[in-house]
Structure formats: C-alpha cells, structure tokens
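Pasting the structures here.
In the two complexes that follow, chain A is the common piece, with chain B as its partner first and chain C second.
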Partner chain A sequence: MAICTGCSLLCQDIEASVSEGKLTKAKNLCRKGHGHFQASFSERTSPMIGRKQVDLNQAIARAAEILRSAKSPLLFGWSNSTLEAQRVGISLAEKLGATIDDTSSFCQGSLMESILSGRLPSCTLDDVRNYADTSIFWGADPSNSHPRHLSRFSYYPRGEKRQKSYEEERTCLVVDVRMSATAALCKENLFRVSPGGDAEFIEAILSVLAGKIPRVGDKKKMIELGTMLKKTEWGAIFPGPGLVYSLQGNMEILEKLLARLNEITVFKVVPMVGHFNMRGFNELLREKTGHINRVSFKGGEIVHGPEQSVMTAAKSCDAALIVGYDPLSSLPFATAQALARLPLIAIDPHRSLTTDAAEVVIPAAISGLEAGGTAVRTDGVKIEFEPIIEPGLPADEQILKRIMEAI
Partner chain B sequence: MALELSIITIRDIFQDEAGKKSRYSEEYKSQSALIILDKQDLAGLGVKDGQSLLVKNDVGSVVVSARLSEDTHPGLAFMPNSPWSNQLVSDATCEAGIPGFKGIKAAVQPAEASAAVTDISEILSRIKG
Partner chain C sequence: MVSAMEIYMLLPKTNCKKCGLPTCMAFAVGLLGREKKIEECTPLIEEKKYEAKLNKLREVMAPLESASETGLIIHPEKCFGCGNCVVACPVNVAADPTHCGVGLGPQSDKVILKVEDGVVVANNLEECKRFGPGRVLCNACTATCPSKAIEFV
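And now, the complex of A and B:
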C-alpha cells in the first residue's frame, strides 16, 4: 500500500506499481492523485546555478552562501513538505534570523488559526464518516479539490452510526456562488450566495434559527435550511477557500454561527486544506512560536504580523528560499515579480515557473512516493508513510539539513 | 465592445491533473487559459464558445479562450486558478492579508484576430521583467 500526497486527504489505500519509469498499476487513485503519481516521471528538476547544470553539492553550497549573506531572507512554501523537513526549515529560519511563511498565509490561515486555537469546534474525518448525518460544503468543491472526500468520509460511506449512508441517512448541502460539480450532486440542496455575501448569509441563518424572517436570500429556502440544521443530529461544515476569501479573515461570524448551532445540536468544522501538509506546518510553527504562519526570527526575537507575510516580505526581503511550491504561478502578478527579482533558491522535485526563475535549483525526492516521513491530514490526524520508489535523490529534509550545516 | 465583469477563480480537477504533470504543456494551457461566461454575456460580446477573448484590468491582461457556462450567472465569470488568472490579481490585500483571487474586476472583449492565447513563456518573461 502506498500513500497519496496529491492532496490533504492523504489516502493510504493506494496500490501502485512502477517499472521502467512508468506507472504500471494504480488502484484507488483519483484523477488528481493519478496526475500526482504520473508527475514523478515528467518535468523533473536537476541541480542548477544561474540556469547552468551543476552537481548537487555545488547547488547546496551556493544556496548556503546566498542565505548566509542575505540580511533578511524569506523562507517560504512548506505545505508540500513532511513534518521532518518543516521542522528543519523552522530551525533554519531561527538560525538565519529569517522570515518564515507558508501557503496558509494567503489562503486558509485565518480558518486554521480558529480551529487550532479551539475557537471553532472540530473533529476528524473518521468522526464524520461514523456520525455525520449532515455535511455542508461551503465555498468548497471537493469533487474537484478533494475528489475522494465524499466517498471516503462525508457522503457515500457507511459509518458506525450511519449504516444506511447517503441513500437515507446523510444529507449534503452546498453553499456556493455557483453550481459547482459538488453542488450538482446535491441538487436542490444548493444554497446560492452572492460573491462576498457569505457574512450576510450567516446572519440570515442566525435570524432563521432565532425564529425571525431572514433579510437576504429566498425566504422560503432559508427557512427550509433552518429546519434542516435544527433537525441535524450530528453535522459537519467543510469551509473552502470560497468562504475564507469571502469572509476576508473575519472568522468571528463563523464562530458565532457554530456556537449557536451547538446550542441546538452537534456541529463541527473540518477545514479543506489544499496541499498535503499545510496543517502540519501550521501546527509545528504554532508549537514553536504561538503563531501558525508569518513569523520573523530577526535579531533572535519572534515577530508575527502582516509584515511577515509572503505578500509583504516578497517586497522587503533580499533573498528567498522556496520549498516545494511555485509562487510565481500561484501568487498575484506583482508579488511574483517581486520574488523573481531576488536571488531565489528553489528546492523542488518539479520544474515550474519558480525553478525557471531561480538562481539555484535543488532537486528533491517527492514526499510519499520517493521519500518517507510524517504529515498531518486536513483534519489533524498524523500519518506516517514509507516511500515506494527509490529515486536516488535526497528528500527536502536532507537538503535543508545540508544547507544548515553549510551555514 | 467590452464588458466589465467580476471574475472568481475556481479549482478544476482536469486542470490540476495537467498542472501536476507539467506547467508547460499544451494540456495545462488549454485547461487554464480560459474564462467561463454566462450565455447572455457571451452573446453580448458577439463571440462563441472557444473564441479568444482579451481580459484586461489595471494589473495586466491575458488572451484566453471563451467557454460557455452550463450555469446562469450574468456579470460573473469564472477562471481556473492559474498563472493566467494571476496576471489579473492585484497584490493589494484585505486587512487579513488575503489578495482578491476571487474578486477580480476586468474588462472582457473579443481578442484581435491575430492575437493568440497568451503562452506561459510570455507570462514568465513578464514576471521576470
């Protein structure tokens, strides 16, 4: 059995065989996971300095030199690395007095902060499978982002207390601005919100739960929703980027809704993390510093805030180490431009816009496929894994250790 | 004629799969460099599914393919989250430090006959300046 690190569900039931540089057998992989496994044979990086091929030792030495001479380096990425690599990354940031940040900074960070600090009640996906009779996908489209979410946990499987599964015992609701693939499955249980209208929609739910007429939305449908929520025995809400972006980090209103729902029945929140170990990084950094992301260790002090976010630090730092992520593809144009002007070091198994703009490229083994380690699933369950391919490449953990030693 | 539209970025499993395999493939380009429009907006622009559109705002511009939506959402368009959509995303953030990936305002108009869909190499050279 192999594990899939293609998304944060970390499916552990994958049967895969590889021979002669091809994936010859694949069972239980979703389309996204299949792409992830197949990607191990395409667009792999090799060690480079200034676009010229070098050996690994030279690339690591150059990376150490850039970081050592930088006054305010940024260490960014981390969501596609194992806990072991992340731990070394945080130590490296401490040693360098650097700023460290991950992808949660411009995505699910505020939600993760609420969950890890206990302001939102949460549970495992196994609890969802065993107990949930209502699953709400809010600004999330697992059919595209977490393809096996519904079949493994939230809709189709039979669980301890849910022996009749979706046919009779589970209801799925979608709150979204559009008819997503997941919404199409839930048919009449799509509740449409206007773009940016999620806070208003939450107020409307709170009104209905208080027996008042809601001010927004189709009144009849909102009253139906209120009844469905009240009748729920054990509910789970899965907020995606759609909700987090719409609330612009204002989690208080969501916390208020959950507090109210839990006065009536049981409702939990499970995040829909994109990358396979974003949550792991958030937990580790929080343990070390009290903050889930956006931390600077400059002058031996821990400073946290928007100035330490990748969005701001990209413009103020003088070198950046990017681990397992492609910010030049994924961040707004001006932020990508700011990063591309820096001496960039990219540790990545795959070629990307970022590796193509980097001063130093260091190839790494793909975690899960070619390197073992530990990761934290989107719901907080820690999962250990062994590699299924021996690539002859070091894992990012080893690369980071060598950079640290060289510094 | 140009239409002022709000664009929301979305996740797409086919695009995600293509991107995992290669950022530089035609497959990734065809799954990323697109904008999904309401039937009414497409008709308003006088273009059909598959034709090229120029999408432009203060941040940047890209030429992408038009896709007819199966849903109804006049005034609202969708693009897969990709280097193409990021050409249009401002680096200004809300108080929580989140950029407007899902709240892009842009003018959409038919592309000139000679304009090809923006290539990823063009995007990289713009980023590198």
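And now, the complex of A and C:
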C-alpha cells in the first residue's frame, strides 16, 4: 500500500506498481491522483547553476553561498514537502534570520488560523464518517479538488453511527455560486449565493435561526435551510476557496455562525486544504512562533504580519529559496516579477517557470513516490508513509540539511 | 440516450407484425430493452426504400450494443475516479463491507465496481441487482456519480 500526495486527503489505500520509470498499474487512485503519479515521471530537473548543468554538491554549495551572503532572504513554498523537511526549513529560516512563508498566505491562511487557534470547532474526517448526518460544502467542489472526499468521508461511506449512510441518514448541502459537479449530486440542496455574497448569506442564516425573516435569498429556501440546520444531529461544514476568498479575512462572521449553530446542535468545520502538507507547515510554524505563516526571524526576533507575506517580502528581500512550488506561474504578476529579479534557488523534482528562471536548481525526490516521511492530512491527522520506489535522489529534508550545514 | 419514440420514428411504421410483435412501437420498446434485434424487422432490412432509416437506426443503436448485459455503460473519459459508485453499490458493500463499506478501495474480487488507473471498471456484472430473474431497478451507481460516467440503457 502506498499513499497519494495528489491532494490533502493523503489516501492510504493505493496499490501502485512502477516499472521502467512508468506507472504500470494503479488501484484506488482517483483520476487526479493518477495524473499526479503519472506526471511524476516527466520533466524532471537536474542540478544547475546559471542554467548550466553541474553536480549536486556544487549546486548545494552555491545555494548555501547565496543564502549566507543575503541580507534578507525569503524562504517560500513548503506545502508540498514533508513535516521533516518543513522542520529543517524553519530552523534554516531561524539561523539565517530569514522571512518564511507558505502557500496558505494567499489562500486558506485565515481559515487555518481560526481552526488551529480553536476559534472554529473542528474534528477529523473519520469523525465525519462516523457521526455526521449533514455535510455542507461551501464554496468547495470536492468532486474536482478532493475527488474521494465524498466516498471516503463526507457522504457515501457507512460509519459507526451512520450505518444507513447516504441512503437514509446523511444529507449533503452545497452553497455555491454555480452548479458544480458536487452540487449536481444534491441538486435540491444547492443554495446559490452571489459572488462575494457569502457574508450576507451567513447573516441571513443567523436571522432565520433567530426566527426572523431573512433579508437576502429566496425566503422559503432560507427557512428550509434553517430547519435542516436545526434538525441536524451532528454537522460538518467544509469551507472551500470560494468561501474563504469571498469572506476576505472576515472569519469572525463564520465563527459567529458556528457559535450559534453549536448552541443548537453539534457543528464542526474541516478545512479543504489544496496541497498535501500545507496544514503540516502551518502547525509546525505555529508551534514554534505562534503564527501559521508570514514570519520573519530577522535579528533573532519573531515578527509576523502582512509585511512578512510572500507578496510583500518578494519585493523587499534580496534572495529567495523556493521549495516544491512554482510561484512564477502561480502568483500574481507583480509578485512573480519581483521574485524573478532575485537570485532564486529552487528545490523541486519538476521543471517549471520557477526552475527555468532560478540561479540554482536542486532536484529532489518526490514525496510519497520516491521519498518517505510524515504529512498532516487536511483534518490534522498525521500520516506516515514509505516511498514506493528508490530513486537515488535526496529528499527535500536531506537537501535542506546539507544547505544548513554548509552555511 | 436514445428513446423508444426516436427508434419508432426510424421503423417502417406499418404494424405488419413480421417481427412477431403486434406494433412497430412494441418492436421499438423491444429494441431498447435489447430483447429484439434490428434484423427481426425484415421489411426494414429487405426493402430498399427503408435504407436511409436502417442506417440511421444502426447508428443510434450502436452505443447500446456496447452495453453489458445489465445495460451498464461506462464512459471512462468522463470518470473522476472518485469512488462514489464503488462505495454506494450494494453488491460491493455486501462483498467487502470492511473496505467498500467504509469508503476504502475494495480488496475483494467479488465486487462489481472498482477504480483502476484513475477510472472505474466493472466486473462480475452477473451479480448486479439489475441482472437476472429477481432483478430490481437499482441505480446506486448512477445516482452517486458526479460526472454521468455510468449509465444504464
């Protein structure tokens, strides 16, 4: 059995056979995971300095040199690395007095902060499978983003208290701006919001729960929703990027809704993280500094805030180490442009715009396929895994350790 | 999927009974249920004036030909490999309660649906609830599919 690092569900029941650099047979991998494994074998990187092929030792030595001489380096990426690698990365940031940030900084950060600090009640996906009778996908389309979410946890499986499962005991609701693939599975329970209208929609739910007439939305449908929420025995809300972006950091309103719902019954929130170990990084950095992302260790002090986000730090730093991510093609143009002018060090198994632009490229083993370690599932459960094949390439963790020793 | 009415429109509509059924409409229903074969309507095959209709009928019936005996058709190109059908199918759950029953990939050879190489595949279709004398109109697999990758004819 192997695990899949295609998304943050980290499915552990995968049977995969690999021969001659190809995935020959795979059982239980969803299409997304299958694509992730297949892509693993193409467009691999090799060690480079200034776009010229070098050996690994030279690339590591040059990376150490760049970081050592930088005044304010930025260390960014992390959500596609193991906990072990992230831990070394945070120590490296501390040692260098660097700024460190991860991909949560521009997506699920505000939600993750609320959950890890306990302001939103949360639970594991196994609890959802065992107890939940209502699952609400809000601004999320797991059928595309986390394809096995509904079958493994949130809708179709049987659980301890839910032996009759979706047939009789579970209801699935979708709140979204559109008819997504997931919404198509529970059409009668699709509640449409206008783009950016989620905060208003929450206010409307709060009114209905207080027995008042809601100001927005189809009144009859809102009252139906209120009744469904009140009748729920054990509910789970899965906020996706649609909700998080729409709330623009206003987590208080979601916290207020959950507090109200929990006066009536049980309701939990389980995040829908994209990259397989974003949550791991957020947890580790929080343990160390009290903040989940956007931290600077400059001058031995811990500073946190928007100034330390990749978007701002990209403009003020003088070198950057990017681990397992492609900011040049994924981040807004101004940030990508600011990064591209820096001496970049990219640790990545795959070629990307970022590795093409980097001063130093260090190839790494692919977590899950070629390297073992530990990762934190989207719901906080730690998952340990072994590699399927031995590529003879060092993992992120070893590379970072060697850079650290060389500094 | 093609309807009985669409099939009927492509038949001679003479109710000549040569197919062994009282009306062309009954024959259309028979074709759709795969109890009848196009060739049993001899006028359609033999008479030149029906040639265009015959060709069109063969065209619309082609997808049905590929259906399994239970009428199950899989469109792998649409499948997400999400496993919803695998976990919902009552035969799968009965055959492998400790895996399919709780959302995991099957470990038993007796299941009907499983996900391989990223998409669903069907085996043991004779076990499907829609098959055989005591058949029922189970639709657990089609109703739980987010992408219409499974259908029945």
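As a convention for this text, the second predicted complex is superposed on the first by the 407 of 407 C-alpha atoms of A that agree within 3 Å, B and C clash if a C-alpha of one lies under 4 Å from a C-alpha of the other, contacts with A are read in each partner's own complex, and residues count from 1 in each chain.
In this text, a contact is a pair of C-beta atoms (placed from the backbone, for glycine too) under 8 Å apart; a residue touches a chain by one contact, two chains touch by 3 or more.
Note that the structure is a prediction, hence the values are computed from the model and not measured.
In the three-chain model built by superposing on chain A, chain B fits alongside chain C with no clash. By the touch criterion defined above, A:S105 reaches chain B but does not reach chain C.
Once chain A of one complex is fitted onto chain A of the other, the partner contacts of A:S352 are limited to chain B, with no touch recorded for chain C.
By the touch criterion defined above, A:R129 lies against chain C but remains apart from chain B after alignment on the C-alpha atoms of chain A. Of the two partner chains placed around the shared chain by superposition, chain B and chain C are both touched by A:K32. In the superposition on chain A, A:P195 makes contact with chain B only, while chain C stays out of contact range. Vertex at the C-alpha centre of chain A, arms toward the centres of chain B and chain C: the angle is 70 degrees, rounded to a multiple of 10.
Of the two partner chains, chain B is the only one touched by A:E43; chain C is not.
Between chain B and chain C, the partner in contact with more residues of chain A is B.
After overlaying the two complexes on the shared chain, residue contacts for A:P157 are found with chain C alone; chain B is out of touch.
Of the two partner chains placed by the overlay, chain B and chain C both lie in contact with A:P147. Put simply, chain B and chain C get as close as 8 Å, counting only Cα atoms, in the superposed view. Once the two complexes are overlaid on chain A, the chain A residues touched by chain B in the first and by chain C in the second are 30-32, 34-35, 143-144, 147.
The touching residues of chain A, counted against chain C in their complex, run 13-15, 25-35, 129, 143-144, 147-148, 150-153, 155-159, 166, 181-182, 184-185. Chain B contributes residues 6, 8, 10-14, 16-24, 59-60, 70-71, 73, 76, 78, 81-83, 86-91, 93-103, 120, 123-124, 126-129 to its touches with chain A in the complex. If you check the complex, the residues on chain C that touch chain A are 79-84, 86-88, 93, 99, 101-105, 114-119, 144, 146-147.
Listed in rising order, the residues of chain A touching chain B in the complex are 6, 30-32, 34-36, 38-39, 42-43, 105-107, 109-110, 141, 143-145, 147, 177-180, 195-196, 241-242, 244-246, 248-250, 294, 306, 309, 311-312, 326, 328-337, 340-341, 351-353, 356-357.
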